[in-house]
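Order as written gives the chain letters A, B, C, D, E and F; numbering starts at 1 within each chain.
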Amino acid sequence: MSEFTHFNHQGRAKMVDITTKEESSRCAIAQSSITVNQAIYEGITSNQMKKGDVLAVAQVAGIMAAKQTSNMIPMCHPIPISGVDIQFEWIEKNSSFQLQIQVTVKTKGSTGVEMEALTAASVCALTIYDMCKALDKGMVIGQTYLTHKSGGKTGDFDRSSID
Amino acid sequence: MSEFTHFNHQGRAKMVDITTKEESSRCAIAQSSITVNQAIYEGITSNQMKKGDVLAVAQVAGIMAAKQTSNMIPMCHPIPISGVDIQFEWIEKNSSFQLQIQVTVKTKGSTGVEMEALTAASVCALTIYDMCKALDKGMVIGQTYLTHKSGGKTGDFDRSSID
Amino acid sequence: MSEFTHFNHQGRAKMVDITTKEESSRCAIAQSSITVNQAIYEGITSNQMKKGDVLAVAQVAGIMAAKQTSNMIPMCHPIPISGVDIQFEWIEKNSSFQLQIQVTVKTKGSTGVEMEALTAASVCALTIYDMCKALDKGMVIGQTYLTHKSGGKTGDFDRSSID
Amino acid sequence: MSEFTHFNHQGRAKMVDITTKEESSRCAIAQSSITVNQAIYEGITSNQMKKGDVLAVAQVAGIMAAKQTSNMIPMCHPIPISGVDIQFEWIEKNSSFQLQIQVTVKTKGSTGVEMEALTAASVCALTIYDMCKALDKGMVIGQTYLTHKSGGKTGDFDRSSID
Amino acid sequence: MSEFTHFNHQGRAKMVDITTKEESSRCAIAQSSITVNQAIYEGITSNQMKKGDVLAVAQVAGIMAAKQTSNMIPMCHPIPISGVDIQFEWIEKNSSFQLQIQVTVKTKGSTGVEMEALTAASVCALTIYDMCKALDKGMVIGQTYLTHKSGGKTGDFDRSSID
Amino acid sequence: MSEFTHFNHQGRAKMVDITTKEESSRCAIAQSSITVNQAIYEGITSNQMKKGDVLAVAQVAGIMAAKQTSNMIPMCHPIPISGVDIQFEWIEKNSSFQLQIQVTVKTKGSTGVEMEALTAASVCALTIYDMCKALDKGMVIGQTYLTHKSGGKTGDFDRSSID
């Protein structure tokens, strides 16, 4: 079994030293979702025709969260990320409505941006919850996970969407 | 259907005015989880015997995130939260290991702390992912949702854990 | 002449003590603007028909900035603001296009929210500059000032828009 | 007409990918101002003889704001800025007093620092407003704009001060 | 022996619940210091005659740190502080020069501001170190401690300066 | 005497320009301490056997503070730090108990990480104070200073622990 890398010889958490790691172009894609009822689905999608909408706010929140990741996740290295893109897709199943959230983060740096992508996806989903909770507090944020990672020495990672 | 409250008459997002709402004692409980493989499960639980451990770091991250909620979620009101408690519980199913994360947030204020509880639960799960991702990038953060809310005019909310 | 209140007896800046001030409902309205060329004007306004738009991003930035005001302005007291609303209006003059930005901030607290309204208006204008600067770096952010303030002991303040 | 670069193919805001842009030395200079009455002018300038003064606080606020720019402006890339300098100059016109604020920001990076210079200039002006508003809430923050930009592929930009 | 209050029944850190504590006027005073060589002492004190100076920057940093305390100290409650004042005093001993830093913080709230005062004093000393370290990296930040606390149920606390 | 580098030709504070400095591997080690009574000493050390403990929280706080240094110390350059490690050691003297805190910070950048190490050490000590202050407000944070610095053009710095 590989060892946990986040602990020093006193057994306490440390931020792992990456000083000697080479810089390379890196990319990570994460996925989350939120399932809402029909009233909220209609509210969000009809609003998209207007000037402001729920997803525009969530998009901004997700992008800003990507930049704040190392201030939220204690052992995460600060990385000057070079690009963030968030895509939405609605899936109707069994008369409930699931909004798929996919976040792509890129950087040129000494460590990966998996945490930035996962954090942006989570905050994006949380923001949608916040803006719709006056209608229904029963919304559920779905599974959140990495679907792709490339760049760096540990090799690529890919998984398909979880049903 | 109730209306979205987060939009002004130009159809743009606003932070809803709560100036005239009464202060009251409020509580919210949210739940999240993360499913890990056996190597990580053993690494985390055996580490708990030592001085530092993964869950201690995640606990701190979750509590600090609760305090940062209104800086992450755009339309969320700043609230001086008065207490945060996070509980962990391991559930073994089908030879995988799920860590249940339950966050309780309290305040005395003019609006609820649902977002603070949900955000703390998410950041707690993200932190565990971060500290174990050198062993396996395939961990999945489970569904994240509100299980209890009390205080305020809209009445109480309760739901049981989702399987 | 009244005295500067922000200095202690050593002549150094301090945060003025407001411990004994009564809480009251307070409101402040500030105004800023940004003048853009025709290409940008058309880009922004035609975009408003789509799902995302420049002003939606600026709106979120302004609201988040209102919440961060006391972290940016050194002697400004932290206040849990209770509402923020931002309105936009286009004015065409002499073949240039000026976007008027009006920010209303409300709170129930011991000190006013003038700085929150002014800061939100400025950050809103800065965000529009950022999103359009690939087209023209010559945009000018217009005068930024308070147009209304009510609540508190010092009385109300009102001024009309500056031409 | 050039295209807006801040939108993805869903028409939503994204943070533009700059992974492949070359690092180069970059510089941006922005200008803002604040116009105050005679009592405030005398208060600020006579205070400069003492140990603390309004402009020293504004200077610190502006420099700290330059470092926070990417946390305030949603689509702005985080850049480790390498230098900030702020200069003040008083201009008397028609018995009112205008403080000119000029901010120079430098970096060695993949994108420019126009937003950092503009943000620092705005926050500097806002801080002066904050520290003098007990004397007069009618102060006006003047036009804020870029006067110089160099470095990067898009070439240099220069404009003279606006009257 | 009293019990640690910062741990839940799982033995993990929590933010203590203060929902039912009464609001009262509270004050805390903390002290720190930094000892510098003669060249730095002369540089700082002669600079005080000019418009900018080291202590003015440190003062601003200390006040801003007081407002950020609950974001730095994990189990610390967010409190809207109502006043901060920082005083400096030079003491010459044995041909070295010690700058005494005294910070007073006030609030009207449900918990004390001891951490805010201590944090502001520390950050004030750290800022002076930062601005003078080009001359001598051997400066020492002295003992940092609480000298006074009043308000709240646990009674007052007073201690004299430590030699 | 060398000159202060943090002031512009107007005598005001600036962030020194490091655009042309070469990147190199850098390391800084800082030391702080906190002296506690026997009850607190026993509380902390016996707690180390359990899952959560005071030092685990302080460790996280110190690491997160290292990442926030340039947002707390006004003239400090933002640096993407590449590693942080914090070590604790108890020293009993004269029936009081002193916890030694040693912080090592590494980076590959254009300027040193002395401030990051000193800030992390201070915040670490402040966090321990916070978590134990219900037992005794008389704890004293000891001298805080640099013990080692390497990398960069100004050469190495080393000092032994101060008694």
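In this text, a contact is a pair of C-beta atoms (placed from the backbone, for glycine too) under 8 Å apart; a residue touches a chain by one contact, two chains touch by 3 or more.
None of these values were measured; they are calculated from a predicted model.
**Q** Please find the path from subunit B to subunit D through touching chains that uses the fewest steps, and give that number.
**A** So the least number of steps between the two chains is 2.
**Q** Along the shortest chain of touching chains, how many steps lie between subunit B and subunit C?
**A** The distance in steps between these two chains is 1.
**Q** For subunit A and subunit D, which third chains touch each of them?
**A** Shared contacts of subunit A and subunit D: C, F.
**Q** Taking each chain's centre as the mean of its C-alpha atoms, which one ends up farthest from the centre of subunit C?
**A** Looking at centroid distances, F is the chain farthest away.
**Q** Which angle of rotation, from 0 to 180°, maps the CA atoms of subunit A onto the equivalent atoms of subunit C, to the nearest 5?
**A** Nearest-5 rotation angle for the superposition: 180 degrees.
**Q** By CA centroid distance, what chain is farthest from subunit E?
**A** Taking each chain's C-alpha mean as its centre, the farthest from subunit E is A.
**Q** Same or different for subunit C and subunit E, when you check if over half of the residue numbers at their contact belong to both copies?
**A** different
**Q** List the centre-to-centre spacing of subunit D and subunit F in whole Å, with centres computed as mean CA coordinates.
**A** Whole-Å distance between the two chain centres: 32.
**Q** Please work out the Cα centroid separation of subunit C and subunit F, and write it as a whole number of Å.
**A** 37
**Q** If I count partner chains per residue in subunit E, which residues reach a count of at least 2?
**A** As it turns out, subunit E has residues touching two or more other chains at 10, 12-13, 51-52, 55-57, 59-61, 64, 68, 74-75, 80.
**Q** Which two-chain combinations touch?
**A** Pairs of chains that touch one another: A-B, A-C, A-D, A-F, B-C, B-E, B-F, C-D, C-E, D-E, D-F, E-F.
**Q** Touching residues of subunit A toward subunit D in the complex: what are they?
**A** So the residues of subunit A in touch with subunit D come to 25, 55-56, 59-60, 63-64, 66-68, 80-88, 106-108.
**Q** Could you please specify the touching residues of subunit B with respect to subunit C in the complex?
**A** Going through subunit B, the ones touching subunit C are 8, 10, 12-21, 70-71, 74-75, 77-80, 109-110.
**Q** For subunit A, which residues are in contact with subunit C within the complex?
**A** On the subunit A side, the touching residues are 48, 51-53, 55-57, 59-61, 64.
**Q** Would you pull the subunit E residues touching subunit F in the complex into a rising list?
**A** Touch residues, subunit E against subunit F: 1-2, 4-7, 10-13, 39, 42-43, 47, 50-52, 54, 56-57, 60-61, 64-65, 68, 72-76, 114-115, 118-119, 122-123, 125-127, 129-135, 137-146, 149, 157, 159, 162.
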